[in-house]
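Some notes on the structure that comes next.
Chains: A, B, C and D, in written order; residue numbering restarts at 1 for each.
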Amino acid sequence: MSDVVILGIGIHPFGRFDKTFEEIGAEAAAQAIDDAGVTWQDIQTAYLSRMYLPATSGARILRRLGSTDIPICDIEAACASGGVALRQAILAIRSGEIDLALVLGTEKMPRGFMDPSMIYAPWQVAMGLSLNPSYWSMRAKRHMYEHGTSELQIAKVAHKNHRNSVHNPNAMYRKEFSMEKIMESPLVCDPIHLLEICAPNDGAAAVVVASKERAAKLGGRPIQVDACVHTLATYSSDFRCPADSMSATMAPPGPTSATARKAYEIAGIGPQDIDCFEVQDTDAFCEIEIYEDIGLCGLGEGGALIDSGRTEINGDTPVNMSGGLICKGEPVGASHLGQIHEIVSQLRGDSGPRQVSGARTGMAHVLGAGGNCAVTIMSR
Amino acid sequence: MSDVVILGIGIHPFGRFDKTFEEIGAEAAAQAIDDAGVTWQDIQTAYLSRMYLPATSGARILRRLGSTDIPICDIEAACASGGVALRQAILAIRSGEIDLALVLGTEKMPRGFMDPSMIYAPWQVAMGLSLNPSYWSMRAKRHMYEHGTSELQIAKVAHKNHRNSVHNPNAMYRKEFSMEKIMESPLVCDPIHLLEICAPNDGAAAVVVASKERAAKLGGRPIQVDACVHTLATYSSDFRCPADSMSATMAPPGPTSATARKAYEIAGIGPQDIDCFEVQDTDAFCEIEIYEDIGLCGLGEGGALIDSGRTEINGDTPVNMSGGLICKGEPVGASHLGQIHEIVSQLRGDSGPRQVSGARTGMAHVLGAGGNCAVTIMSR
Amino acid sequence: MSEDGKDLPKRVAIRDDLLTKPLDDLDKVRLVGSRCRQCGETSLGERGRCPNCGSGDMETRELGTEGTLWTYTVVRNRPPGKYRGPDPFQPFCMGLVELPDGLRVNALVEGDVEEMEIGVPLRLRVFVHHENEAGQEVVGFAFARTDKP
Amino acid sequence: MSEDGKDLPKRVAIRDDLLTKPLDDLDKVRLVGSRCRQCGETSLGERGRCPNCGSGDMETRELGTEGTLWTYTVVRNRPPGKYRGPDPFQPFCMGLVELPDGLRVNALVEGDVEEMEIGVPLRLRVFVHHENEAGQEVVGFAFARTDKP
């Protein structure tokens, strides 16, 4: 996939705003188009990634930039929506039909827990088996039981990400918290505390992608897309999704492992070749599990990895330099494109106080409802 | 685009059913897969087209066929959703990444008018400027004023489509109505009557698409996709969308004209080369306007064309052999794929009493909210 | 008074950018339009960018109050969702009203629904459309026939 | 009596295919599972196709009533949406209960939330979870610790 590049990036900060989704989406899109050095009229096709917005949101947002008859549609694959929308643009470019596309992610979400009826059956909602954090927490409890992972280690992830967020103007929370403060914050679902979990919010992020040939003519600072993979969890490989039961006899690789493996294969590199990572820390434990699943350490060694400090910005495998979802929040449709915004900034050397020194390659990872997982690997 | 073929088709009748959307979707998908002579495990990527269903509906429906880790996502572009989902599958095949994909459309809708907040702003809803049929009807009134189109001609379209539907087991209404009955049915929005308008309902339709090379190995009865185009209405080219105002100084070609023109260009043929048509008769007048826009007659001649009988099944340009949306209803996400099911059946010679004799080429057309239009041209 | 103790204005526009202010004397309220200095197109409401060409070089202006009916329909059933029109429901006309400013505005059209015709002359009428949950008067607009009462 | 004059059953399962019938004596009600004759996997509820291999060769069976806790969490806040549990809210455990049939079932787990532990023995408890809008008793299920009261 080294024939497609990211030519421009744009973002509207993640948080809660007294603006319509059309406004924040159009701002991010216009920024990405400007950054790419092109105009809206140059764009040949556009995709909107969103989960909670109404129908035809993409067309409604992008009409604000002026009239066009290009195909614009909305794409949804839960938390992986951004990766899927990017993938469609890449496929369109690789098909030879177009050579310049806009991929926009936008969301505007209500406060608090997400509407459970979007992904849970009525009986699960009635019985209270319908809280996303409860599924994440069950994974954490089992990991602690099998591998000795501690609440302290989980809190360390949150501590690191909150510290990183201070330097990210696009994050919703930009405040450092002490380990005590984190561990004393209210339990949401044991063992996960309030300061260790992400909140749904508003935000938008966009990228302009181009064929390498087109990019060569346009100039600018293109970042190569080495892989962009979307998979679904196979049977019993993940219990994050609202399943009723899982197998006790088989344990296939989880969606993050499976997706990362494919992405590495396509990119022709491994985790040791990647300089910085943005991953789906919907909760602090989740980041520990992802360390293992994307191959930063062995199974059960995620707790030791956060202890080692190697995933700090100045470590050798920095993770969530942006502050992660815990600090940015999760405007679902915008989330993966926000990660890509961060990685592209890092690879361009534009990340200021949170810059990973000399970063040449990066990975963005999302995982959510239905076991939807997307991984994008980029390089300069 | 002659490198991609439709290898299998499946449908769940359109109507109102005491079944979940997962059930009707899975039935249509399984049928298309069987019809293509492949298995679910052979499919490399899948798209769900839907407008009103909740998030991750594609994954939820298709998990019923068994576990897989292929990318599955939901696609939405209002009434054009099915064409857009098909287009993504075609792009994926043309990119060389895959050679066998499933495209499924499914919807399960509440009775009566659609929820206006999905596409209209709160102030439009408060003032009552939020009924889709009122926008269609304003077009009809203007057409009657400019071109002398009559209520009788509009009723003739409904009469033809109701007559055709009698032979379509997948239609919701399968009853012939007299001209009097149609014209005496209650006015919904002047000049459109209840028996001249389509209803939202439940339904599913699916196709399996393959590269020509893969299809050659698999055998079966492939139908070629000659063009699959999606566009949005440009500024002031359509007032079907919930716009506040339009230009009085310019009148660019409407979305159907623009989309059909592109599709003809890609397919390398014109309207005179196409043997049968399925088009978006959300109301009977709309079909008259589409006659003009897709080039079956000149501007203002649509009324004369229905008078001529040439759009009957035994005419030289048969339109809506299935009974159209007026009789099938409009399960939005499934609608275009249902049209394609009809055209493929026609090109295979499988349409029984509603068969267009010797049909070798066909067109499917949808148009809806936001000025989203999709046109697919097929041939054997 | 609102819940948080602040005074709410007595009247609000049904969409803030559609009507000129103040809203005290409704006879003096006009529709707001945006004219693009780039392509010359005028559209309803205040807009930062031109819906036609995308230019940001926009000028806000009052729209004319007199127009003609370009097309219309009669809405014969109560619109779904949060419709705030008369209860019980009464059939009404909606139409595209062509204004001298070079645009057609989608609006309620007042007059006998059985006698409506394309081409009739119309004049803007700004009125209190309904009262919202907070007890404020919500100001909407329509066009009324000037040739027949 | 329902609105259309028909007798409604006094009790209904919270999801029809999850529980054996009849529902009169709740002590005799069991969880229903589906075993795939093709791949051997068993999953909760009655299913036409295997969620693992997609085979339609399925056998419906009663699941065992005794299991152990594979993992769990404590839900500390009232779940959103149409939650029908105790009001006022009380924190509760949910967990994955490993049954001898080769599957783990997601369920409410009864016992002191501060003393819960992975590995504890559990037994199925079928009970009236709530009353629905039609006045019917809606039957749900949970697993209760058998080692501690």
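The working rule: a contact is a pair of C-beta atoms (placed from the backbone, for glycine too) under 8 Å apart; a residue touches a chain by one contact, two chains touch by 3 or more.
Because the structure is predicted, anything quoted here is derived from the model rather than measured.
Traced through touching neighbours, the fewest hops from chain A to chain C number 1. Two chain pairs are in question, B-C and B-D; the one with more C-beta pairs in contact is B-C.
Note: centroid distance chain A to chain D, computed from Cα atoms, is 34 Å. Centre-to-centre separation of chain B and chain D, using mean CA positions: 42 Å. Mean C-alpha positions place chain A and chain B at a centre distance of 35 Å. In chain C, 51-52 are the positions where the chain touches two or more neighbouring chains simultaneously. Each of the following residues of chain B touches two or more other chains: 66-67, 117, 235.
Those residues of chain D whose C-beta lies close enough to touch chain A in the complex are 14-15, 18, 33, 40-41, 43-45, 51-52, 70-77, 79-85, 92, 94-96, 98-99, 102-108, 118, 129-130, 138, 140. The touching residues of chain B, when paired with chain D in their complex, are 40-41, 63-67. On chain B, the positions that touch chain A within their shared complex are 51-52, 54-56, 58-60, 66-78, 81, 84, 87-88, 90-92, 94-97, 117-119, 229-235, 255, 258, 369-372.
Partner chain B is touched in their complex by these residues of chain D: 48-55. On the side of chain A, the complex with chain D involves touching residues 112-117, 120-123, 125-131, 134, 137-142, 145, 186-191, 235-236, 239, 243-250.
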